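Each structure below is given as structure tokens.
Next, two complexes with chain A in common: one pairs it with chain B, the other with chain C.
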Partner chain A sequence: MATVEPGRVRSGRASELGLLVLALTLGVGAYALVGLGMEGSLPGNFYVLTFGMAALGFGLHFVVRWRAPYADPVLVPIAVGLNGLGLAMIYRLDLASQQLKGDDPGLATRQLGWTALGIIAAGIVVWVLRDHRTLRRYTYTAMIVGLVLVLLPLVPGLGKQINGARIWVGLGPFSLQPAEFAKIAFAVFFAGYLVTNRDTLTLAGRKVLGLQLPRVRDLGPIIVVWIASIAVLVLERDLGTSLLFFGLFVAMLYIATERISWVVIGLTLFAAGAVAAATSFAHVQGRFNAWLNAFDPEVFNARFGGSGQLVRGMFGMANGGLMGTGWGEGRPDLVPYAFSDFIFASLGEELGLTGIIALLVMYLVLVERGMRIAIGTRDGFGKLLAGGLAFVVAWQCFVVVGGVTRVIPLTGLTLPFLAYGGSSLLANWIIVALLLRISDNARRPTPLPLRGAPAQSPPASSADAVMPDDADSLPEEHLTPGVSPGVSPGDATEIIRAVDQ
Partner chain B sequence: MTLLRLGYLVLLWVFVYSVVRVLRRDLYGTRITSRKGGGREKPAPANGPAAPRTGAPGARTAPAPSRTRPTRLVVSEGPLRGTTLPLSTSAILIGRAPSCTLVLDDDYSSSRHARIFPSGDQWILEDLGSTNGTFIGAQRVTTPTPLVPGVQVRIGQSVVELQR
Partner chain C sequence: MVMLAMFLVLMVSSTWIQFVTAPQLNADPRNVRTLYREFGTNRGPILVAGEPVAESVPVEDAYGYQRVYPQGELYAAVTGYYSVIYGRTGIERYANEYLNGSSNSLWWNRLQNLISGVDPQGSAVELTIDPAAQQAAWDALGDQRGAVVALNPKTGEILAMVSKPSFDPNTLASHAISEVKATYQALNAAEGAPLINKTIAGNLYPPGSTFKLVTAATALEAGTVTPETEIPAPDQLQLPLSSSTLNNFGGASCSPTQAMTLADALRISCNTAFAQLGIDVGAPALGAQADAFGFGEKLSIPMPVTPSSFPIEIDGKPLDGAQTALSAIGQLDVRVTPLQVALVSAAIANDGKLMTPYLIKQVRTPDLSVAFSADPSVLSTPIDTQTAHDLRDMMIGVVQSGTGTSAQISGVQVAGKSGTAETVKGAAPHAWFTAFAPANDPQVVVAVILENGGDAGSEATGGRVAAPIARAVMEAVINK
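For the complex of A and B:
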């Protein structure tokens, strides 16, 4: 593992502000174009939305400026931009259903509410959480929280079954997908667990064919998570979430141990699980069939579990072509669930290949920043957490975009920030907030001379001397309690333990 | 309408381009430090954060620093050569265990190898029952010994010393 630090630290807040203005222009511009394209005038609540989004975005910017001044400058603008684009598309689909069917689902308004909630939640996380290493103390609490959240939909009376999958929890008029929050809890748990146990996972065991095989008893946790994800698949009939948890664990194991063997073991277990599921569960079988024989008229016209949605989405994207039809000019509303599962196909139709490649690059940059934060931060827990959270975003994009474009079988995950869904939006904003917090920690210049000149060199030459870094340099909190009043002396040992080796 | 449609796509890519421009600074002016010993040293370009190092480090940590007090613990030999720990008021634990203050990646050191703690005006070196021993020069340390700045202490493959 390596650490990368900027030579001259710039806080990047000015670039963040500039990018934020651009991102807001993107979202608001899309909203305006939807109105112009579909009704010939600006949408009725255009100014409300503009000011709302701007207030929320700038509010978050100032919270970051105040509480995490060295945080990464591109995370907030990208999240705001994607969120604005998603909002515009959902509004556009609302208008379509208003014009064609006469009823207004009002999804855009609700999504705007969830956006506000998400950005406020992100602000609160950045504000309250002064140091991500405090999360490490809640490693096993996070595991329990995660498991409870996953199992919550199975509780009778509380859980709701929608479209065959039992992943919703009804709370009055709202329904939440607790699995979206469970992924954050699991990322915290895996990071905390692996940072303490990675040595046994890395070093113990025999080498077979150049692969370092772990000992059987060290396989325990991965087996447990595998069983848990299979249980989610069987009991809640949710392929996507089960894939998400398993992928997260394998990825974090790989980040922690740098052993290819874990990826191989993970993929083998996954293949075994997938084959077993495909042969024994009808709904998984249906997904595979719809994927492989999508253009069969029989499969296309199947009433349940057919490929109608998938193929219509692909026709939509084909209609968009290279440059897209333009906002409000296509017919993305022909696809069922165009606002959530298939929002990528809807955007593909209206923005074209040019537009969705830009969207994919935005996701790519978001994930790259997450990985970059993982490289830049000094403690092992932060590295694993940032890497895991970035992987979650990447994995969700791959599964959704791959499913919509028929690269892999379709599974029900949400596209971060774009797709309609309150839980998903809230959870992803919290992920951005955690990444902001970790990146602030990674890029902040230390007030102490932790990395001194090498031994035996006279202090006078230290200005141009090399600066070796080491994990064992103490975090500043240990030495200067005045720097961060939130850290009590009791945390000192915890922080030292958190330091990566 | 076509103009607006294409203009929007241009705007989308302008955003992407400006994001990438901001990220460009990652490529230049960074310092990469490998954790695996060896190639850990890469000079910081130009004006790295050299400034905070010139002041007396002890001034911030010790309440009443005197000129003769050691202010830091330096690893002068071994895989972690060049590592510096500022001395504060708490003890420094050296060993292989991740809970140590100075974690040595060294097969010849014990998990909790030795301890350096302040006592009054001086720092005391204490061997914590290590397998291969802690040495000052050729002499094995068996009892807690006061440590004077500049004296080299051998722990496994590493040599540490106190510096002012």
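For the complex of A and C:
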């Protein structure tokens, strides 16, 4: 299970290169099929895109090879693959719009630009951020940045309300969703905060119905975050963002403390808040109604806030069936926002159940890698950050795909890497970069690398170097008596590293 | 692990939508996608003698293909229409799986298309219709309300199928939704129900004297009479247990002797003779014989044919003598489709063997291999060969010197039977004629109905107005 076994360490860079070629082939192949399927010829900018994606992918690969040689080899290929498939679908929808309505929205070109920006940003993060623990110094800065980003759309003149949700910021010709970046800031903040305070939060309070509740006085932080997320729900009218932040916090709290009671408290609080919001706010109510009574003709035909989009998306997926219609052969353009909120339904239609199960498995592998990084990392902050980032990707997938497939009410979040949206793409590439950085640290063969010296097998006796052998050992490590709050085993490394620099 | 569970939930929900409930979702009337997909396929043509009467041509719109009917009105009863909003009728509906290529028998083609990446294309459906017969029937009917159906009695192939008034399926297959709506509503409300194929569906007709063939067949099969047997033919028949009497057509006398041979009774279509004959053989026997000719049978040609009926009970009670008498001459509650009338003649023409009627001769896949080929089959044997020959000879008499002389074709022996069916009081009777020719080697059977006598109105008799139409259709087939 452990990614690093003493005595046998592979950097994984060769695997990364191989997988990257595969991922590029997948994306570029899909792009070519779209052109062939819809116009009978390769897309006009096919070679530009192929070359561009390859250059970006290989560029990132070399940055990683140089700056984070022991980073996880699967992250970049998966992100490139998903990104490429998303581009192909967006291009396909552009073509549909061009053929049927006569105007080309040019979304694919913009998405390609954002992809370039995202991959370059990832490269810069890997390059500049030498050690993820640096981020811990900015715990409270991250909190402020996060809060500012979340509140930004509320600033008059700057914030924009699109489709009822006030989660956008207009910057010249671009619209940004600052919440996408806020989720990274919050992950950093929660990790920094929890690594310091987890021992307090772990302290047991009363036991009710077999559930070890925390002490009442320790409920402060979760209440604050709860109020903040409800505020997002009320002020920005966006269920998705609210759900995202609160879910992130509860998950990280759970990772830090291993106390199921926090999850129960969190879910209860959120359910209460959501029910209250659903009864008092029309737009939230509408979402719930559209979810529960999706097939009701009245709800289906409602001009605003009806279930038309949801049900049309389901029609699309049903049309795809097991094997899908094939690239360019379906009619995903019949669903509103098929390129962003409903890209999952679009892909479901054209790639079929087979295709989207494969996509979900790709996400699952990405998330599993993130969790593995969390387990393999030596420092508590890194563990929490990696775990939080991995969770936020998984959670976002769940909220989006769950919304599209009618598991939960529909929210306005975007599917990481696949959906159209610059902010989302940029933010998720930064998440990949952070995970790469943490994983490099986790997988390095020696806990105290000496620059210039060849990597050696770590001494088996070193307590710090012994990787937990499986996931279950994670909490034990956290709860080890004698380790004072705030000082995790990895901190020693940090000190030595600092000296080394 | 929580996250694994989350993804499992998503996989299950996707499977639920894309696999488990997909058929319902695809069938949801609000799902325009199914429509687009269907209208976006290169649907196969419907062919008559190699010429398309319905085909899909590529167009530059959201659908990609437009269904066109080169001779729309002429073949409307057969092809039906193919509308974006009103669905399909006729062959378009009942051969849909061949036309759109989704039939199970076409799986090999679909697999080939899947592998080779060729756009799926529907198969061509070749009909049994004889264009000359169809055109002759169309022309002969003119603007009169009515229907003509012609068959090959030896195979069951339907050679002509015309229902008037007709409509132009092009106007309903158009992609201009609002125009199609207006046209459809107008057609639906139009007098004469143009959207209904009167040969096989719609309000069934009383068969009138054409039913005397069934009554005669019942008696001949029972062995109680031969064509030469003298049967009573009074000027007026006192109906049993009733104060009313039954007259002959126009109050005429059938025979000065009040009796005549069965053959002569059929030749001049003597009502009192056949009413008495019906009473003698009894309603159950008449009903059984009618059923043997296909009454009550749910045929599909492949369009479903409304079953014709000879009720042997009315209000839960068996027919009394008076009711039997009226039923035996095709009145009261006896109801038939023109196709059924043709089937009675077809059985007589084919030595007593009734062939299953059908419209689809062959289905060819785009690569011209045959996916389906019609195999003529015997539906039933309602009468034996001797009865068939007796009836044939009697029907020859009808055309030679009876009520059906207008159906004579020079140089060809024609067998026929007229009918003039009373409808409601005050309305002109329906004019019927059914015939086959050449009598010794029948190539074509035809049944004609003119609703309310067509142009001739109350002056019409089947022999006068419907027989010339039957003749025209038979000539078209024979003189090919």
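Keep in mind that, in the parts below, the second predicted complex is superposed on the first by the 438 of 501 C-alpha atoms of A that agree within 3 Å, B and C clash if a C-alpha of one lies under 4 Å from a C-alpha of the other, contacts with A are read in each partner's own complex, and residues count from 1 in each chain.
Convention: a contact is a pair of C-beta atoms (placed from the backbone, for glycine too) under 8 Å apart; a residue touches a chain by one contact, two chains touch by 3 or more.
This is a predicted model, so every value here is computed, not measured.
Judged by the touch definition given at the top, the superposed model places A:121 against neither chain B nor chain C. Once the two complexes are overlaid on the shared chain, A:402 sits against chain C while remaining clear of chain B. Within the superposed three-chain model, A:10 lies in touch with chain B and out of touch with chain C [touch as defined at top].
In the overlay built on the shared chain, the residue A:274 is in contact with neither chain B nor chain C.
Contact comparison for chain A: of chain B and chain C, B touches the greater number of residues. With both structures placed on the common chain, the touch criterion links A:77 to chain B but leaves chain C unconnected. When the shared chain is aligned, chain B and chain C each come close enough to touch A:352.
Counting contacts by the rule stated earlier, residues 325, 352, 368, 471 of chain A appear in both its interface with chain B and its interface with chain C. Of all the residues in chain B, the ones that touch chain A in their complex are 1-2, 4-6, 8-9, 11-16, 18-20, 22-23, 25-26, 29-35, 40-50, 52-55, 57, 60-61, 72, 74-76, 80-86, 88, 90, 98-99, 101-103, 105, 161, 163. Listed in rising order, the residues of chain C touching chain A in the complex are 1-4, 6-7, 9-11, 13-19, 21-26, 28, 30-34, 36-37, 62. Of all the residues in chain A, the ones that touch chain B in their complex are 1-10, 12, 15, 18-19, 22-23, 25-26, 29-30, 33, 36-37, 73-74, 77-78, 81, 196, 323-327, 329, 351-352, 354-355, 358-359, 361-362, 365, 368-369, 372, 445-456, 462-464, 466-474, 478-480, 492-493, 496-497, 499-501. Contact residues of chain A toward chain C in the complex are 100, 251, 295, 300, 311, 314-322, 325, 330-331, 334, 348, 352-353, 356-357, 360, 363-364, 367-368, 371, 390-391, 394-395, 397-398, 401-402, 405-407, 471.
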